[in-house]
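Please go over the structures that come below.
In the two complexes that follow, subunit A is the common piece, with subunit B as its partner first and subunit C second.
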Partner chain A sequence: MTRKGFKSLLLLLAAALLLPLCTAPALAAPDARALLKESESRHRTKTQQYSGDLTVVNKEGKVRKKGWNSYRQGYAGDSKNLIRFTDPPEVKGVGFLSLPRPGSDNPDQWLYLPSMKRERRIAPQDRDASFVGTDFNYEDMEEFDHEKYKVALQGEETLDGQPCWVISAIPLEKGSKSIYQKLILYLRKDILYLVREDLIRKGDKEPAKRLVLSDIKNVEGHYVAARMEMTDLKKGSHTTVTLKQISFNRPQPASRFTLQNLTREGGD
Partner chain B sequence: MRFLLRHLSLSYARRHLAKTILTLLGVVVGVTTFSSIKTAQDALVVGIGSTVDRVAGKAQLQVTMEGGVPEALQERLRNMPGIRATSPVIEQIVVPEKGELGSLMVIGVDLLGDREMRDYGFEGDDADLDDPLLFLAQPDSALFTREFAKRAGLTTGTSLAVKVPSGVRKVTARGLMSPKGFAQAFGGNLMVVDVYAAQELFGRGRRFDRIDVRLQDGVTVAQGTEMLQKALGPAYRVETPARRGEQMERLVANFTAGFNVSSAFALSIGIFLIFNAFNVSVNRRRRDIGTLRALGATPRQVQVLFLAEALIIGLLGGALGCLAGTAFSQALLVSMGQSTEMVYGISGSGIVHLTPAIVLQSMLLGLVASLVGAWGPALSASRISPTEAFAKGSFQARVQRRVAPRIAAGAALVAGAVALALSNVVRGNGLVLSVLLLGGIGLVLLIGPLSRAVLVALGPLLTRLFPSAGPLSSDSLLGNPRRSAGTIMAMALSLTFVLGLGGYMGSTRLTIVRWMDDILTCDLFVRASANFSRPDFLYPGAVKGEILALPGVRTVESYRAIRPQFHGRQILVGSVEMDTLMQRVRYDFAQGNRDAMREGLLNKEMCAVTENFHDRFGLSVGDKVPLNTPGGMVEFPIAAVIRDYSSDQGAVFLDRKVFLRHWQDDRVDIYDVSVTPGTDPGKVRDAIRAKLSGRYPALISTQREFKDEIGKAIDAFYAVMRITVLLALGVAFLGIVTSLLISVAERTREIGILKALGALPGQIARSVVLEALVLAMVGLMLALPAGNLFAAFMEGPVAKAFTGWAMPHHYPWEVLGQLLVALPLVSFLAAGIPARQAAGVKVTEAIEYE
Partner chain C sequence: MRTLLLLLLLLCLPCAALAEGFSGYAELKGFAYGERFPGEPYGAGWGTLYSKWEQRLAESQFTASLRAEWLTWPQTSPLVFDPADRKLRRPPLSVPELWLRVPLAPSHDLEFGRFQLGWGKTDGYSPADAFLPRDVTDPFADEKLPLWAVRLSGQEENLRYQAVLVPVTTPWRLPPLGTRNAPIASGALPKGTRFQEEDDAPPLPGFAALRLLATHGDWDLGVWARSGVRPAPILEFSLDPALQNGPVPVISVGRRYPREHGVGVEVSRVAGPYVVRGEAAALFSADPELGDALIGTLSVERGFGDGTLLVTLAGNAIDPPVDPTLLFDRGLLPALIVAWNQTEEWGAWKLVWDCGLKRGDGLLKGEVGYNLTDTWKVTVGGDLPYGSERGPLGALHGARRLMAALRRSW
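Showing the complex of A and B:
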């Protein structure tokens, strides 16, 4: 055996020994579905309510601010949501209601305008439309439910010093239709809390928008991001929601999440 | 030829610049009239179509229903297979308080999702909807195009006052649109509001004007139409935007058809002016022609020379006329747009475009008119023998030799035109053009000999009335029969047109006024909308009870009109409480009678149709009118045919109960209120105002005011026709000026001799003024019977062909009276320059003149 041949053999041996070591984390990694299930079970609350400050900054730097109260009952796919704008006075009373729709994975959504004294249903065709001029659209206003997606673990990444699982989620589009082709989810490893979502539109390769959840606090024993920022990577605008007066599991009146309440003057 | 042009034509043009310019002016006037009318007419039709297209955006189909599409339909459509997107729309035209900004088309759309359907063009450096939530939350929010905002001085956040049914409302600009796609509709005079705000603003209740539909990829328009039509039933119309545009264009076709007559008239007058100018030019240059012929020029060369002159003048006049026409067309379009908006409730964009087709047509027109006008004189010129040309005065004195055959041919052609008008052989535009052509040529043949006969007969009278000026003017007119006949011909044709159209308009107005006196007999009319054809607000049916409960009110009838398509035409279906209505109105029956109509409409679910409906669709008493209702097709037997002028497309009337039963729509256009005897309608008006105040818009007119408003709508219909009548007078003026200037120039030597013999400048000037007056009055005299025939033709066959209404003939005495005042003034003004020129002729120069 020549000197050169021996060296090659050593390299081959080394490779054979090192390969199992390199692939070990992947093979030992938890299943993405299991991670998301675990995350859901850890953070599931019966109800949530908060006061939010909404700030929209367009690409020219023009700032629009609004305030709202948000109420949620249920979690993920079975959640009901009501948002009522409180500020500025010109938009006070405007309401947004989202209810699960029987037989469909897409919820029913309505917007109520007090000046017209009438609610308007958001059509599925309008799910891509901007939610009242923010960088969120109506689909973004739905609670994330991993069961509506085919999920796969992409790897790990560190965000702001925190190791995260990176999971891809592709809409199944069984009983629904999404405007997105794929979501990339970043789940903090330590608390299994979603801290970032990259949203890739149909036909695109790069994310069109990015949702960053930060300022994570523990409130009443539940982790919650007190700041959400959605950035439109194409338009260059971003919308920030700052959560205040957060509370969990407080009983919500049964009538809160109804159309009658939505259209009621001052109905929270 | 170039040599001849340079030495004969150019030298003549240089020496007689004023006359050459007048010849050119004749072509320019003719082409200007044609091109301005044609450009405005085309822009109006194209504007209507393009507004429909642009507003439609990406919509492939539009779903409409008489009385509006119920809101619930949108949800139904959304859930249908093959539908990609739906979007409700409300359209309305409003006028800003600052009227000079022009009408604004208001489009109510659902901004939550409408970008799937329309491109708003928000993109740009400073472009965006300022705050979408604020836009939706505030009902006064509106989007404007940048171009309109600039004209109105609007910026984001500032307000504009607009007139809406409930009065003047301020709307706030919350965003600006870039001028592309949708924002170019209606010439950019566009205001976008939220569709639900528009419902409130325009009293649409819970209905939309239409729902735009975008189909999923792979679904063809034909498949989509079939699927929707099957699913929705006959009460709904499913059409492509292009088809809707066509229907609107058809609706205004009657209105625009009137302009074809004006264009044809302008063209014929232009030809006459050119003919006259060339005729005189030949006479003036007979010595030059004689010299040319003596030097060996062939008759053909002489004819070609004159035709070449005509060609140059035609090209130049065509180009200038085309440019002038474009300048005038914008004003004409505005007037046309206002008329169609008032009469039909539709309007297009307000911008004219000079299309290559119009340029080509105008140039060809100038060219052909010049060649046609010059053909006869060129032929005459070629036939002048050198001996005849050098013999002074022989050509001038030469009169038409074969008078009798000419009169016979003229009379035969006029008789032929009358026969054609009375027969049903040709219809529509073909009828108008063929009758005008035959009658026009007949008149041309007749006017020459007749005018000479009249001038000869007038000679002694003129001498007796004006001892010095009379013989001079009489000699001048008889001395050059070709020039005189040509001018009188142009005058007579112009005045025939004026008398004919004036008579037609007067007759129409009189007929409608008589009809209004029979039908509009109640004391007050309570309307929510100023627009008769396209009401922008409808009352709920319950308001009737409120008005009826007021003291002094005897009866209230609720009138509702819808405008469905019927065999390709937009007819009117009117409904009202027939029991009380028939007690107070007098119907003029073409078929059936009062009792049959009352019994049929009230107890047998029958309908009454108008005479023009009966003529158009061939349906008579006993026949059934199939109408689409929300519940499906219903056939209404005809109980009577009445003479009624509610719609130029035809109308069907039903009892209100029948309408409510089938259409399930209790909204009301107008409440007809009758007061108890002895009650002051003014007090009842105040009470109604107070009752409706703050809740509904209320335009309350007394019977007199209401009739006046309808009169205004009729005037709007004829507004542009009136402009063409004025134009006819202008052409007559130009004809007289041309003729007199040429007359004075030709008689320079004669005038010089007269002055040398002691004639005073005043006497000479008076003779020129008298000449103008005689020309005009002889033209009028000959136009009297011709104008009467033309008016009868317009009132009868033309009106019947286009509107189905036959107007009883009414002699245009008012127009004649106006002409008897206006013509002497026009003649006096036209004679001003030539008279001054004649009075100022210097004896020494005049003697040398030849």
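Showing the complex of A and C:
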């Protein structure tokens, strides 16, 4: 199970932080690219840590939960990440370390399994694979990089009483690795934070999945969605992620993002 | 019976977690065997209660765990004090972990107490790891025994080290010889032969080992060396005339533990969606029955959606001086190990095929785990050894079985 969880969680975090797209309300002629650039620059943080809970509810209503602690240093493609599972008992202590590699899109990733007492290098995952039966797959967890998409402002819409910009994003690369042909992003106008994303698979016309970000808080001067819900509109299942004890720009020990630390049982 | 009642009580307790830092599980496991084996039941039951306590002490980490177990077959030893697992039989109470880790510097630690080691890179079979003591009371479960040891480990940039000193030998624990779980008697001795196993104390010194690891780009590299007592015993059979009082022969079985020295290299590389791992080890012993070994392994791992396929090839370039099945960790070599692990929304399942390439024996193993909730899990499966009875897995044909387990974790 494990392997999928870690990367996903990492990417969930990315969804919470990188997708909060902000802009200046004063922009005279909103341009999708400008909005996305502005958002990225405003929401950069040097470090972040939080505790996360993940709840999966399948279409029969069966509920499963997971918990983890996450630490990040750096931002986007240059970030170091450590995730340690805390719950359920059978995955407690499982760790995931991701370190950026200069000049490569793929970071170096290792997994520590307490049952094996050793770390294992892992390969980049299948983008369409879900993790531990949740409604997220690997591509959903990847950091949204607007430069890899052709973006366009589609209009305006009000969601939960909040006016939003609606932006479409189509993979630029021909024959893209993406499993989606289009993403529809909804940005709250006041804080320009992503509050919804509709994901349309290749060959489909209607969204296959919908990500909703809510419980948006201002933590230490940074907006963050403390709750994210991914719904599989075809399967009827949904996965909810809640973030707790969030903090930004707290100095991280240099030894935290090392293989030595990854293999420390009972450690961070 | 009292133990069983205790286990049932714990299984029914609604507690999610007894306290912060405590975790564990209670498990009931049942086996149904496909063949009648003289003097042994068709079924067996194992009950296990495992509790672990983890406590942060400033920058240090303390961990202790206790396992209580009840087996209908094979019998456990009486309730004896066996803190290093040096007795012949599995004790009803054991301490799998009791260790303290003290940081000497931000990336350098000293750890001492009782803990498990996990070395090597290749899955299925690793020469860096295979010599470590196993409890093969259940021959189809790869259960590693913990060691009393001191470990110094650390990292500087991309270089890491581990130095381990094991002052006490924890030997391999074997099933009762002559039973369906012990292949050693298969076909080689007159039917009904009984074994009288001598509970010889293994030697006190254990072994010392050093491992150096480096990471460079897609590559993880390592070298290791170790020297000391080999935890797997050499069995010594003798026919004591004084014991030959009945209709069947009685063979005395003693154990000795030769010294062995080894060096090895390990490598792992990410290649697109694949992870390729390899190891080579040279093992030297002056013991005429153990001899030397030159073991190599190569494994490839690939993820397919929610599943992972792992293929490992392992072999020994030097023929052992005795039947390799008597050398335990080298018994199956050369071998092909294929494993498929799949995660599902409801749980997980796996299929494993261990194939001895020299004698044509092997093991097919299947297991399905269904998560009733996040803390209750049901597992069913089966183990099907097949092929030549002269091979270590084929000899286990009498142990073909179905398994069902219920686990409550907290």
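The definition used in the following text is that the second predicted complex is superposed on the first by the 180 of 268 C-alpha atoms of A that agree within 3 Å, B and C clash if a C-alpha of one lies under 4 Å from a C-alpha of the other, contacts with A are read in each partner's own complex, and residues count from 1 in each chain.
FYI, a residue touches a chain if its C-beta (ideal position, glycine included) is under 8 Å from a C-beta of that chain, and two chains touch if they have at least 3 such contacts.
Given the structure is predicted, the values throughout are model-derived calculations rather than measurements.
Participant: Is A:Val195 touching the first partner subunit B, the second partner subunit C, both, or neither of them?
Facilitator: Once the two structures are laid over each other on A, A:Val195 reaches no partner at all.
Participant: Contact-wise, after the overlay, does A:Met116 reach subunit B, subunit C, both or neither (first, second, both, neither)?
Facilitator: It touches subunit B and subunit C both.
Participant: Is A:Phe85 contacted by the first partner subunit B, the second partner subunit C, both or neither?
Facilitator: So A:Phe85 only meets subunit B here.
Participant: What is the contact status of A:Val94 with respect to subunit B (first) and subunit C (second): first, second, both, or neither?
Facilitator: A:Val94 sits against subunit B, while subunit C stays out of touch.
Participant: With both complexes overlaid on chain A, does A:Val57 touch subunit B (first), subunit C (second), both or neither?
Facilitator: Neither subunit B nor subunit C is touched by A:Val57.
Participant: Once the shared chain is lined up, is A:Ser130 touching subunit B (first), subunit C (second), both, or neither of them?
Facilitator: both
Participant: Return first, second, both or neither, reflecting whether A:Leu259 touches subunit B, subunit C, both chains, or no partner chain.
Facilitator: second
Participant: Looking at subunit A, does subunit B or subunit C touch a larger number of its residues?
Facilitator: After superposing on chain A, more of subunit A is contacted by C.
Participant: On subunit A, which stretch or stretches are contacted by subunit B in one complex as well as by subunit C in the other?
Facilitator: Correct list for subunit A: 58, 64, 66, 90, 116, 118, 120-126, 129-130, 132-133.
Participant: Spell out the part of subunit A that touches subunit C in their complex, as residue ranges.
Facilitator: Against subunit C, the touching part of subunit A is residues 1, 3-4, 56, 58, 64-66, 87-90, 92, 101, 108, 116-118, 120-126, 128-133, 253-255, 258-261, 263-267.
Participant: Show me the residue ranges of subunit C that touch subunit A in the complex, using the header's touch definition.
Facilitator: 23-25, 54, 56, 61, 63, 101, 106-109, 116-121, 144, 153-155, 160, 213, 215, 217-218, 220, 268, 270, 272-275, 301-306, 308, 343-346, 348, 371, 373-375, 377, 409-410
Participant: Contact residues on subunit A for subunit B in the complex?
Facilitator: Touch residues, subunit A against subunit B: 58, 60, 64, 66, 85, 90-91, 94, 111, 113-116, 118, 120-126, 129-130, 132-133.
Participant: What does subunit B use to touch subunit A in their complex?
Facilitator: Going through subunit B, the ones touching subunit A are 75, 78, 84-86, 110, 112-113, 115-116, 126, 128-129, 131-134, 136-139, 194, 196-197, 200.
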